[in-house]
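Let me begin by presenting the structure, written as C-alpha cells, before commenting on it.
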Amino acid sequence: MDFGDSPEERAFRLHLREWLGHNNPGLPTSSTSDEYWAGQAAWHQTLFGAGFFGLSWPKAVGGHDLPSVYEAILDEEIIAAGAPPRPSVGYLVQGLLRHGNEDVQRRFLPGLVSGRDRWCQGFSEPDAGSDLASLRTRAVTDGSEYVITGHKVWTSYSDAADWCLVLARTDPDVPKHRGISAFIVPMGQHAIEQRPIRMINGITREFGEVIFDEARVDAANMVGEPGEGWRLAMTVVSHEREPGELGYVARYGKLVNELVHAVEEQPDKYGPEQRRDLAWALVEADMLRCHVSRRLSDRLDGLSHGPEGSVDKLLMTGVEQAVGHAALSIGGAASTEGDDTWLKVYLYSRAQSVMGGTSQIQRNLIASRILELPTS
Amino acid sequence: MDFGDSPEERAFRLHLREWLGHNNPGLPTSSTSDEYWAGQAAWHQTLFGAGFFGLSWPKAVGGHDLPSVYEAILDEEIIAAGAPPRPSVGYLVQGLLRHGNEDVQRRFLPGLVSGRDRWCQGFSEPDAGSDLASLRTRAVTDGSEYVITGHKVWTSYSDAADWCLVLARTDPDVPKHRGISAFIVPMGQHAIEQRPIRMINGITREFGEVIFDEARVDAANMVGEPGEGWRLAMTVVSHEREPGELGYVARYGKLVNELVHAVEEQPDKYGPEQRRDLAWALVEADMLRCHVSRRLSDRLDGLSHGPEGSVDKLLMTGVEQAVGHAALSIGGAASTEGDDTWLKVYLYSRAQSVMGGTSQIQRNLIASRILELPTS
Amino acid sequence: MDVRLSPEQVMLRDAARQVVDRLCPRTVGEFDDAERAGKLDAAVVASGWLELRTASDDGRPWATGVEVAVVAEELGRGLADTAFLGPTMAADLRRLVGASPANTPETIALSADLSQPVVARGGAVGRGAVAVDARGATSALVLLPDGDGYTIGAIALGSVTTGVDLTRPVVSCPPGAAVSRIEGQRRPLGVDDLSRWRALGLAVTCADLVGVMRGAVTVTCDYARSRRQYGAAIGSFQAVQHLLADAYVAAEGSASIALHAGWAVDALDGPDALEAASAAKAYCTRAARSVCETAIQVHGGIGNTWECLAHVLLRRALLSGEVLGGVGANLARVLAAHGIGGDDGLR
Amino acid sequence: MDVRLSPEQVMLRDAARQVVDRLCPRTVGEFDDAERAGKLDAAVVASGWLELRTASDDGRPWATGVEVAVVAEELGRGLADTAFLGPTMAADLRRLVGASPANTPETIALSADLSQPVVARGGAVGRGAVAVDARGATSALVLLPDGDGYTIGAIALGSVTTGVDLTRPVVSCPPGAAVSRIEGQRRPLGVDDLSRWRALGLAVTCADLVGVMRGAVTVTCDYARSRRQYGAAIGSFQAVQHLLADAYVAAEGSASIALHAGWAVDALDGPDALEAASAAKAYCTRAARSVCETAIQVHGGIGNTWECLAHVLLRRALLSGEVLGGVGANLARVLAAHGIGGDDGLR
C-alpha cells in the first residue's frame, strides 16, 4: 500500500513537471467558455506529442503501456501546474480496444489517441435517455454500406468531430438490447446535420444534436458484430462514469485551487459560510484523488468492467456539485464584478448528475448489482 | 392576514402568561428522561384544571369551543415561559369526535380531555408498521363482548394507560382495509401484558409492547361500526402528523431556547460550525411556528382531513432533526461533562422520521394525493 | 390571529395570477417577444401594483407587506419579466423620508454582492453599486449619511445588462458615480425605518422565491407526468416522486415563514420585522436553490439546456436569494437577534 | 504508486476479520457476555495488535499507519468491545519520546470535548480530561510542556463509564488530577512528532468510521432483504434502495480518503500527514453520521430501539467522530493548510 512514487514514477513525474512548466497553454476553465473546446484539441495533440497522453494504453495505438497509476501522476502534476485536464477520450478508446476488431483498431485508434481525429459519440436520443436501449435510430444495409437515419442528442463536440461512434438499430425484430449495432460514421457528409445545444450556462460548443438523414457508413466500420452494439455501449458508458478515465481529478483540483486563490486575494470578503463551502470542496476533491488512485491501482490486477463505475460516478458527481456550490458561494450568484466564470461552473455542475446516466440510474445499478437488493 | 392578536386573544394571552408564570412545573426535556412522562400527567391535569387545555375542542367534552388559533397562542406562551408542551392527545380526541357515537363520546372524552384517564393507542404490530392494514390482532364476538388476541407495538404510555384504542380484525374474509374495527379496551385486566420498549436514547416509559391474550372488551366500546376501524385509524393517524394537534411548536421552541441559553453561557466554547447548526434549528423552529399558525387558521374554515398532514409531518420531522443536530453539535456527541440530555435529544430525533408513518410513506402520499403523479 | 388571506388579498392574488397567466412567458423563446413584455409592463403599471408602497394621506403605505408579497409571489411563479421589486423598494424609501413619488421609473442600488444598501459619502458612490430589477429604470436610489440616519439620493443609470437573472436585468454603476439628492425630503431615515425597509426587501424576495418554487414544482410535475422512459412516465418512479414531494414540502414551509415575514414588515417594530424577515430569507433561499436544482434534475438532459424553463427559475432564485443577503448573512442576523453573535451593521 | 493492500496487509486484515467474526457481538444482548468479551480482549492481545506502534530496534514503529488502520477498520465493522485506539495511541506516544512500553494497560487522555490532547501544567491536569477507549486501562497519557516541545506523563484512572459509545468506555478525570512523569524518556516530543501523532489518531478513527459504515451497510441491507411490508421486501422499494446505495457510496469514498490518511501518517512530513488526516476525518465523520442515520431509518421502528445494532453503530461513530476533532475542527485545519485561515494550535 503506497501512494508514493517508485523511482521510475518519480523520474517520470519530474520530467513531466518540468515539461508542464513550459507548456501549460492556460486555457479558460473547462465547461465555462466555448474557447476551451477549441484550445483543448491543441492541448490534446501537444500532450500526445510530448509523450504524456494515453500513458496506460497499448503502444500499438499510440499509448505507452505504462501501469494505469501513471494516469494519476499525470493528473496530480496537471493540478500542480494549473494546466488543463487531459482530454476525456478514454472511454471511446476502451470501447474500441475491447470490442473493435483488429482492422477497426488499426484504422481508428491511432488518430483518436493522438488527437489528430476528433470524435463524438452518438448514443442518446430525444426519447432514449436513461432508457438508452429504446433508441430508434435505424441502420439498414445497402450493399457494402449501412444507411443510417435517426436523431441523436448530447453528442459531445459534434460540431468539430471527424467521426461519430453511432448506436443504431439493425434488427427491429429481436428484443431491444439485442438489435443494436455500433458504427464509426464519418461526419463529413451532407446527410448529417449538426445543431449546437446551448447549455444552461450559455456554452454552445460542448454538446450538439446530430440528425442522420440516410447517412452512409462502410460496413467495415462496424464495431463488433451485428447486434453487439449494446455490449460496446455498456463498456463505453461504464468507463464514461470513471473519473480516472476522464481525468476529472485534475478538473476539480484546478477549480478548487483557483477558488482558494480567490480567497487568498481578498480574505476579508469571505465569511464562514463561504469558507465552509470551499473547505468541503477541497475535502471532496481530495477524496476523489485518493479514490481514483485506488481504482487505478486495482487495474494493476487487470481492467474490470463491473458496476463499481456507478459508485465512482456518484462520488464524482458529489465532488463536481460540491465544487459547483463552492464556486457559487465564492463567486457570488449575482456577481456583476468582472466575469461570471464561477456562476457558469456552478450551473454546469448540475449536468453531472444527469450525463452518463442519471444519479437515480446509478443508484438503481448499485442497489441491484452491488448490494443485490431484490427487484420489485 | 394577521399573525397578531385580536383584543380577545390578547386578553387570553395575558391571562395565560400570568398563570404560566406561577404554574410552570419545570419538567425535564421531553423524550430524554423517564421522569418526564410521570410529570406530564400532572401537567395535563393542571393545564386542564386552569382552563388551558382543549381550547378548540367542544365544551361538551371539556374543551372551550375557542377558535383553533388559540392553540397557537397557547404554544407561543408555553415557549416564552419555558414550560412543558401541552400533552399530545388531540389525535385521539379528533378520532373519537369524528367516529365515536354519542355514548362513546359521553363516556370517554371527558376523562381523556381532562387527563383523569390515561390513554394509549394500539395500532402498529411487529409485522404491520408502514403497512398498517395488514394487522393481525383479532377480535371475536362472545355475547356482548369481544375477545381480543394479538401483539401491538409502539404503544405510547402503555405502562400507565387506563384505556387503549385498539385496532383489531373482526372480519378476516373481506379485503384487509374493510375487516378492521376499533375498540376502547380497558388496560386493567390480566389478559393484557405490557412490556416497555427501550428507545435508543435509553428511555423506557414512552413506548411499550402490549400483548392481548384473550382480553375482553364490551361491544359498546367499539368506535364506529364494525369494519369502520380503518376510517378511524386514518383520522387518528392524519392528526398524529399535525404539529398543531401535537403541540410540537412548543416542544421545539423550548429546545432551541435552551440551546441558545447554553451558547450564551459559554460563548467562547462554540465555533462557526456549531453556531450554524443552531441558527438552522432556530430558523426551522420559526418556520414551523408560522406553518402551524397557517394550518390552524385554515381550520377557521372547518376542520379538514386531507393529505396536507403528510406535508406537515415532513416539515415537523425536518425541524425535529435540525434541532437534534443542533443539540448534538452544541451538547457534544461525546460529552462527559454533566448530563447527556442533548445527546438524548439527538438520538430521539431519529424516530420522528419513522413514527406516525415513515418519511418515505409521507412522500408517497404527497406524490399520489397532492401532486397526482402517476402510479407505477 | 387569522393568517388566511383576506377577501381583498385573495382578489389581489387572483388579479395578479390572471395577468401572469395571460402575459408571462411560457417558454424560453417567449422572453424575446417584446410586444408581450411591453403588455406585461403596461398591465403591471395599470394595475397600480408599483404604487403599493407609496404614501397614502397619513403617510403610511397604501398596502402592507402582505399585499406586496402576494403580488411578488405571483410574479415569481410566472417568471414575470417586469420590474416590481425595484420600483416597490424605491417607492417605500421615498415614502419613509416623506418625498413625493418618482416621476420617472426608478429602482434601488445595492452593493456589488447585492447584500447591502449603498451608502454614498461625499456625493458619490464609493465602491460602485448595482441597480437591481432595473428594467425601464432611469435612476436608482442610494442612502446618504445624515446624523444618526440617512437621507436619500439617486444615481443615473446607464444601459441594462442581463446578469444572472434573465427576467430582471441589472445595471452596474462604477465607483465614483455621482449622486444627486432627492428633493423634498421631510424627515431622515432612522434606524427603525431602515430595518423595516430591509425587512420589506427581504419579505418581497422571500415571496418571489416562494413563487419560483411553486412554479418549479408545477412545471416539473407536468414534465414528470408526460416524459416516459422504460415504458412508464418518469413521475411513476419512487425516486422521482420523492424528489418532487420534498420540493413541494420545501415550498410549503417557505410559504408559511414568508407569509409571516410579509406580515411583520408593518406589524412589528423594525428590528423584530428584520429578524422575522431574516429567518424567512435564510429558509427560502436554501429551499429555493434545492427546489430549482430538483427541477433541473427531474428534467434530465433537457433540464440542462437553455431552452428549458428550469434554469430560468433557478437564475431568478439566485438573484432573489442574494438581494439584501443570502443564507450566511441572514443566519448571522438570526443569531444576533438571539443575542449570540453575528453582526448586522451596515458596512 | 500502488495502493492495493500488500499480501501481508491482506493477511492482517483477514486475521482481524476472523477474530471479529468469531468474537464480536452480533446482537445487543451479547455485549453483556463477559466471557466473550474476555476472549476478544485476549485474542487482540495475543495477536500483537496492541503493539503495532511500539518501537522496533531502529525506533520506528513495527507497523505503519496503514496496518493500524487495517485492524481498526475491522474492529469498527465488528463493533469490537475491546481497546485498540487508546493503547495504540499511547504506545506511539511512548515510542516518539523513546520511553519503554507500558507495563500495565494504558490509554490516552483528551480534552473534555475530545478534540485535543491534554497538556498538563504544574504537575496536574488543569481543566479535567477524558481517558478514551479505557477498557482495562489503569492510566492515561498526557503531555507536559518542555521547551518548544513536550514530554509525557500519566494520570491514574478511576472507574470506567460507558459514555456515548457502548463498545468503548471512557473515564472522566477531574480537574486537578495529578500527573506522574513517565520515566526513561530519551527525547522531547517535537512539533512534527505531535502533528504525526495526531495524524495517526485521526487516521485510526477514520478507519474505525469506515468499518462502522461498512458494518452498517451490511446489517441494513440484510434487514432490507428480509423485512417485508406491502407484500414485498422493503429493499425492493426504490426509496430504500437509493438510501442504501448512497450509504454504500459514502462508505467507499470514505475508505479511499481514509486509506490515504493511514499511509500519510508515516510517509509524509508531520504537517502534511496532519492535513491528509484532517481532510479524511471531516469526510468520514460527516459520511458516518449520515450512513448510521440511514441504517436507523431503514430499520424503521426497530431501528429506534435499544435492541437494534443500528444505534450501537451510530454511537461508535459519534465517539470516533469527536476524537481529535470532528467536522468543524478538521475543516478549519484543511483551510489553514491551504493558507486561508483556520487555527490549529494546541489550546
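As written, the chain order gives the labels A, B, C and D, with residue 1 at the start of each chain.
Operating definition for what follows: a contact is a pair of C-beta atoms (placed from the backbone, for glycine too) under 8 Å apart; a residue touches a chain by one contact, two chains touch by 3 or more.
For clarity, every value in this text was computed on a predicted model and none was experimentally measured.
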{"item": "Winner on C-beta contact pairs when A-D is weighed against A-C", "value": "A-D"}
{"item": "Chain of greatest Cα-centre distance to chain B", "value": "A"}
{"item": "Centre-to-centre distance between chain D and chain A (centres being mean Cα positions), rounded to whole Å", "value": "38"}
{"item": "Where chain A and chain C are represented by their mean Cα positions, the distance between them in whole Å", "value": "39"}
{"item": "Separation of mean Cα positions, chain D and chain C [Å, integer]", "value": "49"}
{"item": "Mean-CA-position distance for chain B and chain A (Å)", "value": "52"}
{"item": "Sites on chain D at which at least two other chains make contact", "value": "237-240, 242, 331-332"}
{"item": "Per-residue overlap in chain B, given as positions that touch at least 2 other chains", "value": "272-273, 276, 360, 363"}
{"item": "Chain D-touching residues of chain C, taken from the complex the two chains share", "value": "237-239, 242"}
{"item": "In the complex with chain A, residue positions of chain C that touch it", "value": "112-114, 130, 161, 163-165, 170, 172, 228-230, 237, 239-240, 293, 296-297, 300-301, 303-308, 310-311, 314, 318-319, 321-323, 326-329, 331-332"}
{"item": "Chain A - residues contacting chain C, complex", "value": "124, 127, 129-131, 134, 153-154, 197-200, 202, 271-274, 328, 332-337, 340, 343, 347, 350-351, 353-355, 358-360, 363"}
{"item": "Complex contact set, residues of chain D against chain A", "value": "1-6, 9, 66, 217, 221, 224-225, 232-233, 235-238, 240-242, 244-246, 248-249, 252-257, 259-260, 262-264, 267, 276, 279, 282-283, 331-332, 334-335, 338-341"}
{"item": "Complex interface listing, chain B residues touching chain A", "value": "272-273, 276"}
